[in-house]
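These are the structures in question, set out in turn.
First subunit A sits with subunit B, and in the next complex the same chain sits with subunit C.
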Partner chain A sequence: MSLLDILMIAIRVAFSAFVPLCFIAVCVWMERRGAGFIQDRSGPNRANIFGFRAAGLVQNLADAAKLIFKEDIISAHIKHKFFFVLAPIIVFFTAVVSFGVVPFADTLVINGKSYIMQGIPIDIGILWFLALAGFSVYGIILAGWSSTNKYGILGGLRSAAQVISYEIPMGLAIVSLLIVYGTVNLNEIARFQGELLFGFIPMWGAILQPLALVIFVVAAFAETNRTPFDLAEGESEIVAGFHVEYSAMKFAVFFMGEYVALFVSSAMIVTLFFGGYQIPFLATKTLITIAKPLAFVLMIGLPVGMYYFAGWIRRSNISHYPRENDPRAFEAKWYIRCFWGLIVIVELLLLAILLCQSGGDTINIFVALLQVCTFLVKVTMMLFVYIWVRWTLPRFRYDQLQKLGWQMLLPLALLNIFITSAVVVALS
Partner chain B sequence: MGAKVKTIARRGSTLQERIFLIEIFKGMATTFGHFWRNLLDNSKLYVRHYPEVKPEIPVRWRGRHRLTSHEDGSVKCVACFMCQTNCPAQCIQIQAGERLDGKAEKMPVSFNIDLLECIYCGYCVEACPLDAIRMDTGIYSVTGKDRESFNMGIDDLLAKQGAFTEEDYKKGGA
Partner chain C sequence: MFSEGLFYAFSVLAVLGALGLVLFRHPMRGAMSLVVTMISLAGLYSLLSAKLIFVLQLIVYAGAIMSLIIFIIMFLNIQDNDLPVEEKRFAYTAGGIVVLIPVVYFLIKIAGTIPGVEATIVGSGFGGIKEVGLVLFQDWLLPFEIVSLLLLVTLVGAVVLAGKRRVGK
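Showing the complex of A and B:
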């Protein structure tokens, strides 16, 4: 095992462990500012470090500091303290680990040796995700039960009932996908989606299996306990549901676990239905051949995009009331400088790509980086969809939820399997 | 004349609505419209930048109390205890004393209002026969660092002037 091998393993494990954690901050920020904008208010934008508010991101630091220093209470009435402490750990751990099988770039070839770009190098892919997603509900049930609290146990029960009625449509939706893809390996699934249908449409899961997409997305919402299916929390009915007895960092771990699960299920939806790390119309092979022109286009495109982005920052980051020497304008100036600095660094890297010899390892690494960026952009968009839906829809009533799961999604998923198999058999 | 009954049609039973998806997309289009508008131009947010931009207080707003005084500066209050008796929160404590300036027989020696007890109902203002107590200071946010700072004495109450003209105050429905 050479040094490069060890480095690549470290990189891929670090990526799949830390990127979901970093995205907690992004998710929370997007959720609060997005909710603000959707409801015509501004969201948290006052917390600052030396006057720099970073568009509200500093609020996350403030919240984290608060949660870390709060008193961690385990009520005296809780008999099973071990399970009480174990529950948030299960939720968080399963969420982080289930990202391990998601490929964030195509297999990278360096020195003629190929390196797989996913955290855990196993082939079971989607099955791993299903198993762990199902297991994370145990954390919620355990939390509800060990809280010895009527609201807690109601939340846990609701979550248990919900997960049964949504795991099945989700599994069946995946079955029809697997008929199309013919593999459970997520990297192969993503590679399959790089091809073109009739020569001009990307063969994304969303285009081949629209019905499965709808079923899977609905089930994924239920799986991650997001509105409109957040009955387990239901703050208007059962206070806070399963985490009503949790405080300080134990609550924070639940909270973070929820957002990691959100990230993972977005990543899963992107990988299964929206081409994963594939840039539309550009499969990995094409990308490698046109890497240099692409780098050139990026070199021109990035400053142009940055110019408009800087304009937007300058327009948005001002005080909306008369103020002498507006400190927000000063702040905006520094943000713009930072972003331009970033752009300059990227430009230099792109220049290096342009000057290097074609067909080498540098090109391969460049393509992998492009794919990582594509993947993260797609996942962020999916995260926005989650947030967008949360601030659009009210919560489903319990019976409506069960009705939707059993009477609509389940028959639809079965129908989808029949149609898909018929088409696949007819075509082969 | 009987009450007008407006019948609101029940919604949600047509096939289009029972499929959910179409209606969900309509709702999402609405929320995204708001999001996009505010993202492009955040000056259109329906918010007041509160500590810097203060709200406009109407004349009838029941703000912090004050005691009014005659033109020569002597207190109007005659310590009749109407407000103290009327106060549902029992936050007013008056001590009466003899009045020597000839305007009345009594005057308050001390007049304390505990603002932590006060519920800002305005009954003291209603009860006062001499227009001696008013809630027209326009102070809507009373803050302090200890409990004592919320206990208003007679000097604190006399010190603050009304935020509105006499004419506006009378028109405002006092």
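Showing the complex of A and C:
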């Protein structure tokens, strides 16, 4: 193993471990600001460091400090303390590890050697995700059971029954997808979606398998215990469900595990149905050939976009009443400076790419970086869909939830398998 | 060797999990130690490069079946005073060990007679989903279909039995 091999392994493992963790902060911020936006209010905008509020991101730091320094209580009535402590760890760990099989860029070729761009180098992809989604149930069941609290038990029961029953339509939706793609390897699935249907439509899963998309997204909402399926937490009925007895960092670990699961299931939806890391109409090979013109376009486009973005910051980040030496305007000035500094760095990197020889390793790395950015942008858009649904739809009743799972989604998924296999057999 | 270390770790965990299943008093602890055994067995399969069986073990045994068992244990809400008093527990355990000694001796003897063939590397496709699928649907189609029929009969039987009791009430 050369130094480069070790470096590439470190990069891919670090990416798949730390990006979900960083996205916890992004998710929480998006959730709060999104809730504010949908309910026509501002959301968190007071917490600050020396007057800098970073559009509400500082609120996350305040929350983290609060949760870390809170007293960590284990009530005396809890007999199985080991399981009580183990439960949040299981939820968090399974969520982080299940991101390991998601590819965030196409296989990167450096010095004629190809490096796979996913955390765990196994080719069973989607099956690994299913296995770990099943494991996260243990965390919820153990939390609800070991709390020795009727609300906790009710929440645990609801959640476990829900996750177990929605795993079936999800698995069947995946079966019909696998019939189309012919592989379980997520990298090959993403590559398949880079091709074009009839020469002008990207062959995304969403276009080839619209019914499977609907079933999978509904099941994924249920698996992550998000509204409209958040009966496990149902504040108005069972207080907080399975994590009612948890405080301080143990609660925070549940909370973070939930957001990591959200990120992973968005990443999974993007990889299976929206082309993964592929830029629409630009498969990896095309991207390598047009890398230089693309870098040139980006060099011109980024400052233009930044100019308008700076104008938007200056217009929206002001006090709503006249103040002397408006601190908000001062804040906005510094934000704009930081962003321009970032743009200058990116411009220099793009210039380096324009000056290097074509067809080299630099171009490959540039393409991989572009794909990583595309992947993250797509996942962020999917995360917004989750937040959008949460603040738009009311909660299901429990019997409605089970009816939807068993009487609607399951027959639809079976029908989809029959139709898909008939079409695939007829076409081959 | 790295894989040898993994083999020992998984084997020890599997045996410890099985021991825990027998020796723990509370059913939840027993079930959780069985989960440890199941996961360690999956690890052993993956060391034998049986990728498909590895992941099926994780999904079906460690995931689905064990979570149903734990779900039911949670549902029954077993307290310590619901459990039977087992006074002669250790006497029975000791008796069981004595009875098992000849069997274990026999097994160790068998394991000793296995020729020490050096590990050979199987083809890169071995144990993959495609390879297993081809073998299953070409060479073993009839047994496969018979087993799936058996599973279907069991499924229908379970539904019928569960439905009958509710009508009786």
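The definition used in the following text is that the second predicted complex is superposed on the first by the 428 of 428 C-alpha atoms of A that agree within 3 Å, B and C clash if a C-alpha of one lies under 4 Å from a C-alpha of the other, contacts with A are read in each partner's own complex, and residues count from 1 in each chain.
As a convention for this text, a residue touches a chain if its C-beta (ideal position, glycine included) is under 8 Å from a C-beta of that chain, and two chains touch if they have at least 3 such contacts.
Values in this document were obtained by computation on a predicted structure and should not be read as measured data.
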item: Contacts of A:F83 with subunit B and subunit C, given as first, second, both or neither; value: second
item: Partner chain(s) touched by A:I164 [first = subunit B, second = subunit C, both, neither]; value: second
item: Partner chain(s) touched by A:I122 [first = subunit B, second = subunit C, both, neither]; value: second
item: Partner chain in contact with A:G34 - subunit B first, subunit C second, else both or neither; value: first
item: First (subunit B), second (subunit C), both or neither touched by A:S42; value: first
item: Partner chain in contact with A:H320 - subunit B first, subunit C second, else both or neither; value: first
item: Partner chain in contact with A:L393 - subunit B first, subunit C second, else both or neither; value: first
item: Subunit C-contacting residues of subunit A that also contact subunit B; value: none
item: Contact set on subunit B toward subunit A in their complex; value: 20-21, 24, 27-28, 30-32, 34-35, 38-47, 49, 52-53
item: In the complex, subunit A residues that touch subunit B; value: 34, 36-42, 214, 312, 315-316, 319-321, 323, 388-389, 391-393, 404
item: Complex contacts: residues of subunit C adjacent to subunit A; value: 26, 28-29, 32, 35, 51-52, 54-55, 58-59, 62-64, 67-68, 70-71, 73-75, 77, 128-129
item: Complex interface listing, subunit A residues touching subunit C; value: 80, 83, 122-124, 127-128, 130-131, 134-135, 137-138, 141-142, 144-145, 153, 156-157, 160-161, 164, 167, 184
